Amino acid sequence: MIDPALVSALSALMFVIGLGGAFTRKNAIIVLMCIELMLNAANMQFAAAAVHHGDTTGWVYTLFAIAIAASEVAIGLAIFLAVYGQHETISLDDVDVLKN
Amino acid sequence: MSNLTEIEPFGEGFVEAMGPELILFAGMLLLIIVPNLGQGTFRIPGTQLRLPWLLGGQRFEFTSDPRLPAWLATFTLGGAFFNVLYTFSQGLDRVAIVSESGKQLLLVNGFSRIFELIFFGALALAAFSSMNRLRVNGVGSKVSETELFNNRRQADFYILMVTCALGMSVVALAQDLFVLFIGLELASFSTYVLVAFLKESKVGVESGMKYFIVGSVASGVGLYGLSMLYLWAGSLQFDVLATAFATTSSTDMALPLIGIGFVLVGFGFKVSAAPFHFAAPDAYAGATSPVAGVLATASKAMGMIGLVRMLLIVAAPETGDGSAIWLVCLGVLAAVTMTWGNLAALGSDNPKRMLAYSSVAHAGYMLAALTAVGAWNWDAAVSGDAGAAAVAVLTAVIFHLLVLVAFKLGAFLVLSILESEGDVSRLSSLGGLAKREPLLAVSMFIFMISLAGVPPMAGFLSKLLVIMGIVRVAVGDMGAELADGGIYALGDMHWVWWLALLMVLNSAISMFYYLRVGVVMFFDEPEEGREGPLPAGWQVRAAIFACVLTTLIIGVAGDAVLRLCEMAAQSLNYDW
Amino acid sequence: MQDWISLPLVGFPLISSLLLLAFVSKVSESMRNKLSDPIRMACLVFSLVLLGITTGMFFQYFGDVSWEGIGFNQYEYSHRYTWIESLGIHWTVGLDALSFPMVWLTTFLLPVTIIATWNEKNGATYFPIVLAMGGALIGVFVALDLFMFYVFWELTLIPMFFLILMWGGADRKYASQKFFIYTFTASVVMLLGLITLYFFQDPGNPLDYAGSMTGRSFDIPTITQHALAENSNGNWYLGANIQKVLFAMLMLGFLVKLPAVPFHTWLPDAHVQAPTGGSMLLAGVMLKMGAYGMFRLPISLFPHALEYFQLALMIIGMVSLVWGAIVCLGQTNLKKMVAYSSVSHMGVILIGIATMQPMGWAAALFMMFAHGIISPMLFAVCGAFKHHYHSMEIGAMRGMAKHSPWIATSMMFAWMASLGLPLLAGFVAELMMFIALWYFIDANGWSVFWMVGPALVLALTAAYYLWSMQRTIFEGGDETQPPASLHGEPVPDLASPEKLAMLILAAFTILFGVMPWIGLDMMHDWTKQIFDGLILPILGDFNGGI
Amino acid sequence: MAGADVTTTIQSEWLDFAPLIILLPMVSFAVILFLGRVFNGHPVWKNNLKEGGLIALPVMGASLVLSLLLISEFLGGFNPLKVFDPEVADKIAWVNSAVWNGGSTVTPVSFGFGIYVDHVTVMLLFVAAFLCLLINTFSIGYMNTDPINDNRNHRFYAEFVLFCSGMLGMVLSDSFLWLFIFWEIMGLCSYLLIGFYYERPSAASAAKKAFLTTRIGDVFLMIGLVMLWDLFGSLDYAVVFDTHNIEEVAKHSAGTLQWALGLMFIGAVGKSAQFPLHVWLPDAMEGPTPVSALIHAATMVNAGLYLVARMFPFFGAEALHGDLEDLAFIIAAVGGITAVMAAAIAFVQMDLKKVLAYSTMSQLAYIFTGLGCAMYLANTLDWHHDDDAHYIVVVAFGAALFHLFNHAMAKGMLFMASGSVIHEVHHAHHHLHHHDDHGDGHHDGHHDDDFDAQSMENMGGLASKMPITATAMLVGSASIMGLPLIGGFWSKEGIIANAWRVAQDDPRFFLPATCVLIGAAMTGFYMSRMWFKTFAGKPNNEVAAHVGPTNTWIKTPLFILTFVTLSSVIFAGLGFTHWASDNSYELGEKGLLKGLVYELEHAFANSDAFFFILTYVAIFLGAIVGPGLAMALYGGKLADGEETKPWMRPVIQLSAWVNKRFHFDNSAFAESSLATALENRLYIDEYYDKAMVNIVAGFSNKAAEADSEVIDGTIKAIESGSQSLSSIVRSMTTGSARDYILMVAVGTLAIFMLIWGVA
């Protein structure tokens, strides 16, 4: 069995990649993917911790988190579509009517 | 202290305990079903017999009324609101919803209920006053319609409001961090869509997108923090976390501290604390005003619950001689937030952005108050009755959040009237309001000076309470020590006193932009094309009037509300 | 005794004006204009009722209250109602010889202001706001609860803000905001001071009227009593350091309101832009709130700190006095000049306080009162000048004595009263300040050069007033062209209501100049009481005699 | 008098009415002003009541009668002082307060008002009340006949009576405080009356100058009073003159007392127009002539003298022996300098009233010198115990006061006479001009303004046209010049003699002594010059030739004053030179004839050789050198066919003879820089103006700028600073969601580090 610590380390890496990607990429879809990466990092950590503590609640948490991530994607994509309809781009840098 | 009743889900007493939530749930179902009722029939397969089953088809006149969903939502939220009030009047029972394994999932007590009061009140007002105004002609919209949305789309809007309320009430009740998080996400997702609801408008969708993306990142960080806490403690129950935190030696603090820090980010976004607030002004500016008002009041209160639970329950300040570990961090956050918000609002010409920044500033004031709680027993010699001090500060925070609904949401509602006749992205949109509708202008002025904290408005009392709380912690029992011949200097007070000073100075800065609104309304001429009477709509005016009355009455005679908040604060932690 | 203060003096003007305003805001524009006259009359009658009540109080008609012999920290007509119990907030009202003259002055100025600005535009809203202003001002003076005091202190800003914003001059937008924000800034610092003071009370020592949640009290008599007890033990109440800090914080709020140099720059802007009625109340009563507050709170609570900051106060007072006068001389705007003269006169009050002499304090109190009668007249004259000649520039209109003898006479009278002509109200205060100052300087071995400032100012004051009169009342005559701003219309003199207001103000200026004891005796009594009750027990030994 | 038992209180019948002397005019001020406002232009008001003149007249009469009753009672009872006892309750407690001297109680302090009567009071009371009545009479003739004053005379009379009230109040009040209060009221009236012709810029400016200049003196006076109060704890005469109190103060604060009195003296300098605060008086002649006569010659300017005379008890106090001699010298020196300076400027003045103004200044300076010398003597001689010394002091002080009396009467008369001349010249001009309008078209553009009715250039030979005026002027001039036996002779000789007496003791006093001696000659010159230029010789122009006689309202006071001035010899015989005496030298104790002989003996046959010579030198200078030069330059016969009264005929003929015999060309002097300087008033006004404009106005303009730029600028900088800070802060909200996420990440890192750092 894999040491939960390694899983945690991987999840930390994923989290950092996700967070870093979120503010370096322009395309909203990719940013959304980065967010998913962060959520998945958390999921992994939950799973690892559940193993570590031998506590089943962690699995439940993971499942719920996946559901959350899914609905997030649904909402996100819907919003991006609407944005594209109005702005004809989903580049985060170009959608900046509102500022200051 | 009333006894705690533990109930399993759907067990005996569950309906009474979960009354408001069940009302919301029922209302949500009604909102889904009722607007779809029509002459729809169901043909029994293989026959020509058509049974009317009322769904779909040519809808009834009643069910196709675009105002119907709003009424339904208003009654639902209002019903929940009054249900909460009723339970208060009945003397609240503490009820915990426990899982089969005995873990507390939800806890009904004064603290959670008073926040529900805030949520339902704000949402009910927002729903009620949105009744006549949900049109397409938002800011910069391509499509222009003069009619209201059809009632199906109306229904979407109000369903989201109700789900938002449901999510928020889960946040208020949750005793498990993850349950809290789920509630938070439910409310957040609803608000993302509400913000982006005007999909025909450029700014509407843009604000929605920004709010969504930044919010998602923040909750992603928060969730990761959650997972770290879980990794550390093996549970996300608040009491388990609190015990674990209190027993962990300071050398092993790394994991929980990172976890708590990450969770703070998630909640920080909700209360729009700097530097997590950036999406807020954009969101407020793009959303319809009632929704923005909800963001500034209910959503902020929701974030505040998270902070309170995390900081005061989990990472509670040590009961011995010392202060919370996060004290400096939160103090800095508070100072930066209030100053940033006020400075940014100072130069903002967009009334909604201005209110957004002011909301950031108010978040800073409340963070300062929480900081003070963190310092509650900073020095055994002079802290005095620290528990009472902590209750006082928390009371102040709750009171502030409560009255904020009246004057912050009220201000947004005034803007919403103007919004439904056109653009409100410039301060000059408010020009000549005093001539066009004096009572509205006076109401707006009252909201503004209440936000600034001018007596005798509720905003003054709340700000006073916050300052009093901070000073109380900073001064502690020095008075008694002085009377016994102790000698103290300014430097002997806890440094949170300086947060109070910063806070009053910030109030002074805020006076600039609040007053400017008054000047524009009472001094400037209306913009071209806006000279005529304002759009009609008694509902929104009634809501504004209610807000004004609340602002004034609580400002002048807020004792009862204050006691309610005190009771709520006391019920957060019975150790105090 | 019946409560003659809460409802009759405070509630009545506030509520009636709010009702009037609410009513007016609901009617149509044309109806509003029609309502202007009856509302004006109603406000006048209301304010006369207020004046009647306070005058009745003076003549001991209500409850046979003698204004002399009230001990320190004793109050007449006092009543206490619970307000916000959990915080120890009460609606506590009461009067003593410190606050009563100010209350009377407020009620006196209200009808006079209404008469003087009889023809102000939008009267239907203007007069109720003036009335509300009066109610708020009275509230400040009768409040005996820190919270209530602060509430009314800030409440006064709102009607004044609207008076300036809606009836002011061209630059009223800037001025009204500056006025509001500047004084608000200072008062929130004061608020923090008040709250800190609140929590520095000893909850162990059972406090009357303490809040259930806080264990402390906002009650001014109670706090004063505790402070007195502590101070007279030979200790500094709250300890030296804290006392000094709190004194400074409270004083900041009051100094800005007063205003003292260098916190005065809101005043000229506010005055120049304010309408006549606003200026009259602003200069007449609102500035005095600062001085009143000083006596009521920092001085009564922190006498040690007062002595510690004596030199600082003296310097601020001197600087205000001299700087105000010098700047006056450099003004070309009539109203600005008068505004700066107020700064200068407020310096007299500060100096009087800084002398820590009964006579100096009595001088300060009488100056508050006398300036409260004279400065409204100054501003009424300025208002008439502006109203009739559409200009505020000194020299825009000359030879007023020829074509506008009433304005000219009023102006001459007011100017002379303000420069301290004997037998007019201002002289007594200046004289007493002078004597107290010299007595103090001599007794404490301070340098004689402290006298240079006041002496210089006596001459400078005469200089700027005479200079302005030369360019307005004198010269010109037949050959002087009326200012272009009149557009060739004939030059009007004062209207009848203005005349009446001027005559009333002049009569009282003379009355209190010739018979100063009417007001001065009770002020003297108050200073004597506070010295007997507070200062002497505390500082008597401290100095070891001078 | 000093050192006498000042608390002696005797019941008096008329003392209770004394406040009426002040109150009657004060009330009539309001009455006249009010009636004038209401009835302006009404024929009854205008013709029958003379626009208030006939309301003022009986009021002033009543004041005079009451004053005379009080005086006669004072003289009859002849107690040194009659005061309200401070302990007696009927003194009005005007201001009550307290001071704290660091002890365990506060000391109550009270300022009250009461009436105080002594020799000095009585002298000034009579002068003021008497002249006020006469000048009121004159005003009715002067003001009401000038069309320029139509419908504004009520203002004149109102201010006039208010002034009288102030003057009478000042002399009657029982404390330095009330002296100051009434002093200021007089100052106000002076201001108003100088600015009576408000439409003239020169009048407006003169009024301002007068008020400001005297105000500067008043400031010092006020400080002096405050210091005095500090020393004695009171300003009541009864307290400050109390021998015991003075002894107490003298123990350790004699120096402070000298400072206090010195500062008070500066107030007197301002009010009495002495160098260096004299600049206002000549300009004050912008006011109507009765004002000049009353305020700026006869009464108000005496207030300064009165104040100095009031200080006498300090100088005479035994306890302060020798402590105040420096101040006495300063008083005398200021007087001496002013006497010469003013006389010199008077040499070149062409304006009739200006000559008189400078003359006033100069004569007041004489009185100051006299007072200074008397005070020096009182302060240095052991006069309480040594009878000779006592006599010297009393006579010295008496001479000064007597000169005050003589000068007031003479100068009042001179001003009224000059007013009468101006009035008639003006009328003549008007008449002529009016006449010309019909005859000669090109005179049309000729305005009143081009013609200066006050200039002596437009007079000459008027002795025949206006005999009574000319006589009054002659007698008045003689009195001022100190021609033997007439008016001021008695007092002036005394002043000169005392100055030299003191100079023998203290060489510093050679300065004032020399000045007054030279001044005598100068007085002789300029007064004669004025008279001859006005009344002798041929009319200088057409207008002067058409001047007619004057009216009865004007003639009456001239007549009375001429008589009073000539009666000076009788007053001298009655011992007026001992006026300031206490019980040992009673008024008229020797009997009139014996007294007169005594006085003559002292004047002309002084046993002391030094004073014998001095007397004749003075007479020579004042009565021969001065007038002689004037005759030589300006004397001349009347025009052919003109006749005048017999008593003036020899004077005119003498002047004509001297002019013929000794005439010399003075153009060298007239064109010298000295003459230019004199014409420009020695440039003093110019320097003051420059100081005012450059220093005061310049500084205040800079200050006003600094106030808005620096102090308010700081506030504005804070505002604009926060605005720009705001735009910086807001610019961080770039609009790009990426940046927002970045900030979230940064914030996360920050929280992490903050918590980490603490943990």
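Letters A, B, C and D name the chains as they come in the text, with residue numbers starting at 1 for each one.
In this text, a residue touches a chain if its C-beta (ideal position, glycine included) is under 8 Å from a C-beta of that chain, and two chains touch if they have at least 3 such contacts.
Values in this document were obtained by computation on a predicted structure and should not be read as measured data.
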{"item": "Identity of the most central chain, Cα criterion", "value": "C"}
{"item": "Which two chains share the largest set of C-beta contact pairs", "value": "C-D"}
{"item": "Geometric centre distance via CA averages, subunit D-subunit C, whole Å", "value": "40"}
{"item": "Subunit A and subunit B: spacing of chain centres that average the CA atoms, whole Å", "value": "25"}
{"item": "Length of the line joining the C-alpha centres of subunit B and subunit C, rounded to whole Å", "value": "43"}
{"item": "Euclidean distance of C-alpha centroids - subunit A vs subunit D, Å", "value": "98"}
{"item": "Numbers and ranges of subunit C residues touching at least 2 other chains", "value": "none"}
{"item": "Multi-partner residues of subunit A (each touching 2 or more other chains)", "value": "19, 22, 28, 31, 92, 95-100"}
{"item": "Junction residues of subunit B, two or more chains touched", "value": "209-210, 213, 217, 221, 281-282, 348, 512"}
{"item": "Every chain pair in contact, whichever chains are involved", "value": "A-B, A-D, B-C, B-D, C-D"}
{"item": "Complex interface listing, subunit B residues touching subunit D", "value": "209-210, 213-214, 217-218, 221, 250, 253-254, 257-258, 260-262, 264-265, 268-269, 274-276, 278-279, 281-282, 325-329, 332-333, 340, 343-348, 509, 512"}
{"item": "Subunit B-touching residues of subunit A, taken from the complex the two chains share", "value": "8, 11, 15, 18-19, 22, 28, 31-32, 35, 38-39, 41-43, 45-46, 48-49, 52-53, 55, 57-58, 61, 64-65, 68, 71-72, 75-76, 78-80, 82-83, 85-87, 90, 92, 95-100"}
{"item": "Sites on subunit B touched by subunit C in the complex", "value": "384-385, 388, 391-392, 395, 438-439, 442, 449, 452-456, 460-461, 464-465, 467-468, 471-472, 475, 477-480, 482-483, 485-490, 497, 500-501, 504-505, 507-508, 511-512, 515-516, 518-519, 522-523, 557-559, 562-563, 566"}
{"item": "Of subunit D, residues touching subunit B in the complex", "value": "719, 722-723, 725-727, 729-730, 732-733, 735, 737, 739-741, 743-744, 746-748, 750-752, 754-759"}
{"item": "Residues on subunit A engaged by subunit D in the complex (per definition of touch)", "value": "19-20, 22-26, 28, 31, 92-93, 95-100"}
